[in-house]
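One chain, chain A, links the two complexes that follow: it is found with chain B in the first and with chain C in the second.
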Partner chain A sequence: MTDWTKQKAERARRVAAVTSLVSGKVVEPENVTSLLERIICSGDRVCLEGDNQKQADFLAESLTRVDPAQVHDLHIVQSGLVLSEHIDLFRLGIARKLDFSYSGPQSGAIARALDQGKIELGAIHTYIELFARYFVDLTPHVSLIAAVSADRNGNLYTGPNTEDTPTIVEATAYKNGIVIAQVNKIVDEVPRTDIPGDQVDFIVEAPRPFYVEPLFTRDPAAVTETQILMAMIALKGIYAEYRPRRLNHGIGFATAAIELLLPTYGKQLGLQGEVATHWALNPHPTLIPAIESGWVQQIHCFGSEVGMDHYMSARSDVYFIGHDGTLRSNRLLCQNAGLYACDMFIGSTLQIDLAGNSSTVTPDRIAGFGGAPNMGADAHGRRHISDAWLKAGREAAGNNGPLVRGRKLVVQMAETFGEGMKPAFVEELDSIVLARKLGMPLAPVMIFGDDVTHIVTEEGVANLLLCRNADEIEQAIRGVAGYTPVGLARDRVKVEALRQRGVIRRPEDLGIDILQANRNLLAARSVRDLVTWSDGLYAPPSKFRNW
Partner chain B sequence: MIPENVMNQPSWYESSARARIEGLLDAGSFKEILGPQDHVMSPHLALFDLPPAFDDGMIIGRGLIDGRPVAIAAQEGQFMGGTFAEVSGAKLVGLLRAVARNAGTPQEVSTVFLLLDTGGVRLQEANAGEMAVSETIHAILDVRHAGVPVVALIGGRAGAFGGGGLVTACCSHIIISEQGRISVSGPEVIETNKGVEEFDSRDRALVWRVTGGRSRVLLGGADSYVKGDIGSFRKAAEVINNNAPPLSLETLEREQGRLEHRLKAYGNCHDTPEIWVIAGLSTPAGIADLTEDDFIDLLVKEGVRHDAR
Partner chain C sequence: MEKFTIYTQAKSSLGGKRSDTLTGVVASGNLEILFERKGEPLAVIVEVMTASHGYQHVWEAVIKDFVARVSPGGMYISIHDNGARPDTVLLRLMQGARLMEARS
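Up next is the complex of A and B:
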């Protein structure tokens, strides 16, 4: 006779094994490592909550202290591998296999660990893709998560940085897994219930609040005139042409420049109310001037941002705010919004090849993807229309055919020469070189060329929708690649022909006065200006202050 | 919300040294001495494979403010950190000596404006730079003896550190903005020598709380506080009269007394809010977060805390 409840029994066995270490659901910090040693079994799939912002850092630290003889060969399934403790798990032999999305500061360490055979890599995912696999074949046995506060029944308040938590808990709790939460404080009553207590097995009050990285703060003082020029080209050559109302911005300085130009140059172009009214976007401080000037109707957030909480609470017409008065973010839902409900993604990249493929991988770093491939992908399942989506689709189809589907605008911005004067345009992406070196069957490409619709550099904008074959795409890209070797190797006759057809448009073709591209055009030129715009509600972290 | 007429005001902090001169003087009145076309450049930087500048980051000359003749010198903080070096120092010292010599002649100027923006001495030519600092101080004192006030304007990205902090303190009058900083040892230098517990140079709020414009003016280390746009610096420069106390023994003794009192009252404080508590300010912890208008109101209420320099 088949036993259909083996998972349930195993879960009950593990929970029973720790009764001496807990009081109800509460475990004391000093008992956490012992609890983890009894709850987690070798070979388990474990999600140690960590994304590009918030970190279950106390639980991560505690997990590195388990006895590797007792707990080993874990399969880590989490969106962000960001803390040094995450790498330590592999170094110490506690974990062996890895499926993840984003690594940021640990990108160099991951590449080294892969090279040394310390990590057995499953795949590098996009966020939404990893979350999807939580429900198919990467369901966690144990999830270690972070929340702001909990009551004694395990009801959790995850607050503005809710992010991945509901998704992780859903996958774990409803498939006989075990959920352990570190909280900043155990309280009598949580301000709102983000995670119901019956989905949470154990809670621990961590000795210090969980760490949050200010990842989306771009100091207006560091925006360059080249970035301002690129922002002007994007606004006039793309925003004014397609009028995308629903969009997502990447986190680079080029898009920060666009945000800071909306109330000035965007207004001169008469775009207020016509573009960029609804967003899937993290709480970018650089969007404050546009919000305060009345450009923005609604923003849903993947996560929060350090210092933005009071501002967002006070702007509840714009942001998603709980009845308790604080932001609710949700990475899965916002990624889905970015994929299906946005007409445009625009973001910076480090490298673009001749087919328009782009990557942020360098030879010794595996930074992962995060969400950009979802934001920057045409959703073939989309069935609702918008003017921007249809216009892009018609351009791609050459206005031919009875059945023209729309296209999402996917815009890549790159200065022709990046940091250290490295050309952004290359014959072969570093990620392909890296994949060859590590024997990866799929090179980590951030956005594939067939999804890219426009490339913006300080030399102009290339509209790939209007290109009819691979050769035209190559020459359109060379045509905006400036003085890089790729740009210098362009066929001048073909590039000029593309310019005549409007495939390539230079600043002068767009009627942009290059001399107008200076910092006085920014609606805010310092973090201090952003604070002033916000009526003092934005409280930037100390490292961004100069007052 | 920032009103549109304020939003696009050119900021002193952001502007180049030349843009600051242009915004400070009457339009078209600047006559540069030893300009870039003269190619008087650092003879040392090439040894370090560093590119020189045609003006060595020091712009000197004469001009008018409200029709009054003035002498002006501006450091370009974005070139080598606006440092004191052989050529840049010689240009500044030469300007100051000419002002002292011309006092009482038809060539006399009413005021000297020093637009300092500097990390101190240029390390690649340190001996010449140290000499330049002491010669500059000597020359400033000569100019003041000759009855011409020397006014420092501090609000650039590099602040006024090292020898630049000493030069600033020797001026008759100091105008500063919120972003401006004055000190001798820079934050990184203190951290390197005394440890991060003594001073965390990456805690920018701390750096500004200690060295920034608001603290300096409240402590008497600066005389006028202005908003950060070029227009506000110009307005403050217009109203500088020759009311600075004479450079006499009596003045110096009063200043010494003030500094002794300050050391006794605040010497054990580790951060400026502790000082503001002792000084009896109403929002000791929130000085940095006041709006510009509120802070200027506070200054009017508190009054300037010293009368000597």
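Up next is the complex of A and C:
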């Protein structure tokens, strides 16, 4: 007789092994490491909730203290590898294999650990790609998650940073896995139930609140005139041309500048109400002036942002707010919204090659992708239309026949020179060099050239939809690459011909008054201005305060 | 510090009446450019004081584009770069020319 319930029996065995360490569902902090040693078995797939913001940091620290002789060869499957403890798991021999999406501050450490053979890398995924695999072949055996509060039955309130939690728990709890949550406080009643208690096995009140990284705050005081000029080019050359109402912005300064120009330059161009009304977007403080000026109807968020909670609670017509009055974010659903329901993605990149492939990987840093490849990809499964989507598709096809489908606008913004005069335009991406060095069969490319529709630099905008072959794409890219070696090597005759066809448009072609490219054009020129715009509701983290 | 002067010719002289203008401030990542209306009507003289060595070919490319785009004949231009990137230099040059063309 086949036993069809082996997973269920194994789960029961593990839960029974820790009865002496728990009281109901509650574990005391000092017992957590012992509990993990009994609950987790060598070779398990483990998700140690590290989103790009919220971190199950106490559970991470506790996991690094298990005895590697007892628990080893874990397969870590989580979206963000952000804390030094995450790397320690590999260094100490507790974990061996890794599948992830984003590494941010640990990007250098991951590259070193890979080089030393401490990490066996499965793949670098996009967020929804990794979440999809949670339900197919990377289902966690044990998930260690973070929430703001729990009641004694294990009902969890995640607070505004719900992020990945519902997805992780869904995959784990319904496939005989074990879910352990660290919470800031155990309470009698949670303000709202983000995760039902029957999906949570154990809870621990952590000695300190979980860490949240402010990732999306860009100080208007640091926006340069070059970035303002690029924002003007984008607004006039793309927003005014295609009128995308539904969109996603990246998190860099280039798009922060656009946000700060909506109430000034955008209004001057008559775009209010015509573009950027519905968003899949993190709570960017730099969008506050546009929201307060009445540009924005609705925003769904991947995560939250430090300091934005009160502002969002008070603007429930714009944000998704629970009946308890706080934001509910959800990375899986918002990524899906960005993929299928947005007409445009616009964001910064570090390197672009001559085919328009773009990457943020450098030889000694593997930063991962996060959501950019999904935001910055044309969804071939999309079937609903919008004017912006159809216009882009028709430009690419060169006609508007009955079966010409639309295209998502995927706009990459790059200042031609980055930090330390490093050119953003290159003959070969660093990621290809890195893949060769590490023997990776596929180089980590953030956005492939065939998905990119426009490139904006301070020299102008290149419309790749209108390019008809690889040579035209190359010259269109060289034609906006400024004084980088790639830009200086342009074929001037071909570039001029592309300009005549409107493939390349310079500020003067767009009728942009260069004297307006000035910090006075920003709706807010400092973090303090943002606080004023928000009616005092935005509470910036201390590192952004200088008053 | 590297110092050099680029001499070139424009197709026409720059419009406007202003005798001089100053754009930018010397600060981190920024630069200062002084425009003066003096010399031959089609001549363009650009005096560069730069903090970074070995970029003269880039400067020449920037000035060539600037002259082709706005035809600033009759301008004596002094640039005090503060390690500014070429894009910032070009932006400031374009802004300076626009200011010189202004009526008052």
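We adopt the following convention: the second predicted complex is superposed on the first by the 544 of 547 C-alpha atoms of A that agree within 3 Å, B and C clash if a C-alpha of one lies under 4 Å from a C-alpha of the other, contacts with A are read in each partner's own complex, and residues count from 1 in each chain.
Rule of thumb we're sticking to: a residue touches a chain if its C-beta (ideal position, glycine included) is under 8 Å from a C-beta of that chain, and two chains touch if they have at least 3 such contacts.
Predicted model only: the values in this text are computed from it and were never measured.
By the touch criterion defined above, A:N153 reaches neither chain B nor chain C. Touched residues of chain A were counted for both chain B and chain C, and B has more of them.
Legend: residue contacts after superposition of the two complexes on their common chain; A:G536 is shown touching chain B, with no touch to chain C.
In the superposition on chain A, contact of A:T33 is made with neither chain B nor chain C. Of the two partner chains placed by superposition, only chain C is touched by A:L229; chain B is not. When the two structures are aligned on the shared chain, A:L488 is found in touch with chain C, with no touch to chain B.
By the touch criterion defined above, A:R525 reaches chain B but does not reach chain C. In the superposition on chain A, A:E508 makes contact with chain C only, while chain B stays out of contact range.
In the complex of the two chains, the chain C residues touching chain A come out as 29, 52, 58, 61-62, 69, 85-88, 90-91, 94-95, 98-99.
For chain A in complex with chain C, the residues that touch the partner chain are 224-226, 229, 415-417, 421, 457-459, 482-483, 488, 508, 513-515, 517. Those residues of chain B that touch chain A in the complex are listed here as 1-2, 7-11, 13-14, 178-179, 202-206, 208, 212, 214, 288-289, 291.
The touching residues of chain A, when paired with chain B in their complex, are 221, 263-264, 289, 292, 519-521, 523-526, 528-529, 532-533, 535-536, 542-547.
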